[in-house]
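The first chain written gets the first letter, and so on, giving A, B, C and D; residue counts start at 1 in each chain.
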Amino acid sequence: MAIKVKCFASMREYLDLSEREIGIDGISTVADVWRAVAGDKPMPDNTLCAVNQSQANAAFSVSSGDEVAFFPPVTGG
Amino acid sequence: MASAHSTRSVKVVTEALDPWQELAAYQSQHLTAGKFGATATFVGTMRDFNEGDDVTGMTLEHYPGMTEAQLQRIIDEAQEQWPLEEVLIVHRVGPILPGDPIVLVACWSAHRAAAFEACRHLMEALKSRAPFWKKETLADQSHRWVEKNTDGYHA
Amino acid sequence: MASAHSTRSVKVVTEALDPWQELAAYQSQHLTAGKFGATATFVGTMRDFNEGDDVTGMTLEHYPGMTEAQLQRIIDEAQEQWPLEEVLIVHRVGPILPGDPIVLVACWSAHRAAAFEACRHLMEALKSRAPFWKKETLADQSHRWVEKNTDGYHA
Amino acid sequence: MAIKVKCFASMREYLDLSEREIGIDGISTVADVWRAVAGDKPMPDNTLCAVNQSQANAAFSVSSGDEVAFFPPVTGG
């Protein structure tokens, strides 16, 4: 099993990453997921995170099978 | 109208959004004549200017699945706070042009205070919490992400 | 639609009022695509209940001339208070039935705060200052004048 | 010349008067117009008055050619 990672809008361009699966080894929080896909790139201050399509913070626990998303502040409407 | 995702009250659509047609259709399908006295609606439409610049086009991105779930959550919260007969939210995604409607929010209630307040609350909640993002095309063909929605209660 | 009296922004009508059709027509005639970002509208519709009683019909009376002038005054005041592109008020008079739309108020503006606030203000101003009167027909065929409109800001 | 008097809604029923012209003799205020058309009937507390289609109070001056209206609180919308 794995974790599905999605990035949207300017975050997709920042990480050059739309969607990717990563292994669960060494991953226990949203922050760990960030490091796995972003490497050395710092997380912008205003970054929003979601786990399984609900908002979450960087310390939120993740498990195998979860969908984790990173995106900038929303600007719809 | 092609619909990327639909529930009764939430639609994210990829083709032109005609708010008045949506309202007429929704009302005739889901409202009972005589049971509501107040309908408050809001339509957000793409302008050809923003932040002092001319804007010639825009692409609206969303998070399929989460966007619809989040809109439904916002509606459920409003339904708990105000006595509403029905709520409808329709939001356009994909490439759009100035003059195109982007979003429709409508609230039907017995009385006007609930309809007005819920409609405005829903619009603010949508703009601050629903995962949509706008990328503008400027007159010189450059692109920029809109960075932040303003607070519509203190504009 | 037969119109007892019309200016650009004020219509008092004696036949069925279709708010969504009015909005579509007014917008295509008087608004310039790209110049407005926000449209807030309110529709008041006849309920089949009021003050705890079943209501089977209603007759709306107005003061021809003064009603239209007063509505225009209310609009002019709102135009001074908020930056609005356009305002439309349509009000039905004569005999009506439950489910019939009674009034439509619409405000177009660049930004949503102005559109929302002006629309609500106009509706309250109309209900407290425009000369219209409602006479209800109850289930037992008796009639009664509605005595007073409630304050929609503190309902 | 004369004054045109109009009554609306429950006021029309109260005075049994829809529209009528009265002479200007002895009439200088809205209150005088009321007495001319209502006789002994008291003006209900919540009565609204208009002179030439603008709101006015009972002390408002009227002249020949004016249109004076009496009506109850408005209930449209």
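Going forward, a residue touches a chain if its C-beta (ideal position, glycine included) is under 8 Å from a C-beta of that chain, and two chains touch if they have at least 3 such contacts.
The shown structure was predicted, so the numbers you read here are calculated from the model rather than taken from an experiment.
The minimal number of chain-to-chain contact steps leading from subunit A to subunit C is 2.
If you average the Cα atoms of subunit A and of subunit B, the two centres end up 26 Å apart. With centres defined as mean CA coordinates, subunit C is found 23 Å away from subunit B.
Rounded to a whole number, the gap between the C-alpha centres of subunit A and subunit D is 73 angstrom.
Residue positions of subunit C touching 2 or more other chains, listed in rising order: 44, 123.
The set of subunit D residues touching two or more other chains is empty. Taken as a contact graph, the chains are arranged in an open line, each linked only to its neighbours along the path. Contact between chains, using the touch rule, shows up for A-B, B-C, C-D.
On the side of subunit C, the complex with subunit B involves touching residues 18-21, 23-24, 33-49, 98-99, 110-116, 119-120, 123, 152-155.
Those residues of subunit A lying in contact with subunit B across their complex are 6, 8-10, 50, 53-54, 69, 71-77.
Considering their complex, residues 44, 60-63, 65-66, 69-70, 91, 102-103, 123, 126-135, 145-149 of subunit B touch subunit A.
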